[in-house]
């Protein structure tokens, strides 16, 4: 199951990188409308523990099957966060374009998310990798399918913003 | 207050990325003269807790209003570090160019700084984001204003090298 | 001992970045044959504590003087990992090309490796920097010499995959 890397032109490569940077920027700045605008209407969002992926188990922590569900989930997370206030900081790196087809791009990138509480104490919250499908809509790249494969499966209850 | 992303040519984009890499490299290698050379004479350096930025509070942890003050601060930090020896490692990612004007570039990037003590124990020291203004001087990019917006506000006393 | 940065064309720069991403991807996915294919036959792999480098001490934690030794080491690590199962996640950033000569490229990049155990608990495992020599073989970039300079010298016994 070795994944080779796809060759894409440099503008596309940069634009894909920018999409991930925007994704993290909007989450960390709690600009959730801007964040939602990075998804197409028919998009899906999943968070899956890594061991389930390895064992081909279907269980997901979060499963949003369209953009309305992603929006609902976001509202629920924001309400929970009112009682457990903290901020997030996403570090995204190791971008790797696996496939480029007429249907879009399959892309992975690693993330480390750090959370800081109201006393300014930061801790590692979650590390993992994105396994996404990205499409071009009216000239702009957007997420068709967002999958966060989560190494850190022990803290889902504290999930305050999407990974 | 949504910040759009500015479009710059690829050479400039790469050069801005390189400036951040140099900034981290010189700090981690304690090449402080090289690090200082990345700032223009009239440059400012600030470290601000994130919650102060969010609430528009002016309080800063560190405020250097010109390059001489940055140099003084650096000397003070090095002296403090003689009694509390540890090394730093900066991870910088999520570069985002917010604006490109004739006066320069406004740029953000996220950082995670790890500290290691003399027994080889590493801990997360600080995460946050840079909100910088970069200018071109004699063909080279330099920092005009460096602002470290610090998520991790609980450990300023241990600050051994600049963030 | 200030290291300047070498100027290379953008395709080479991207290809060097991709090599590091592949290196981390194959390790994290435990695709070890693919990982080994990133090294030339005569390649070396070293892991050295940072303070030894600073003091010019020769002691290394790991020293593989050719590709067969790297392969042997990998097998030993995999056997040890059977009794101490965890997964790794490499974040690589701050790529810096120090030199470009007919013999190849000298390149540094920072890493942070996170380990997750079977209960889904993640911890910071090691941070440090790579100081590598990369060569072009039949049009492809490969590692000639891989040196992991390790800040975190306190946990070598848990080394499950190469850094």
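Order of writing sets the labels: A, B and C. Residues in every chain begin at 1.
Assume a residue touches a chain if its C-beta (ideal position, glycine included) is under 8 Å from a C-beta of that chain, and two chains touch if they have at least 3 such contacts.
Just so you know, these numbers come straight off a predicted model, no measurement behind them.
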| item | value |
| --- | --- |
| Equivalent interface positions on chain A and chain B, same or different at half | different |
| Cα superposition of chain A on its sequence copy chain C - rotation in ° rounded to nearest 5 | 120 |
| Computed distance of Cα centres, chain B from chain A, in Å | 26 |
| Chain C, residues touching no fewer than two other chains | 10, 91, 93, 112, 124 |
| Chain A residues touching chain B - in the complex, by the definition given at the top | 10, 14, 18, 21-22, 24-25, 28, 31, 34, 87, 89-93, 112, 114, 116, 118-124 |
| Chain B residues within the chain A interface of the complex | 2-3, 5, 10, 13, 49-51, 91, 93-96, 108, 110, 112, 124, 126-129, 150-154 |
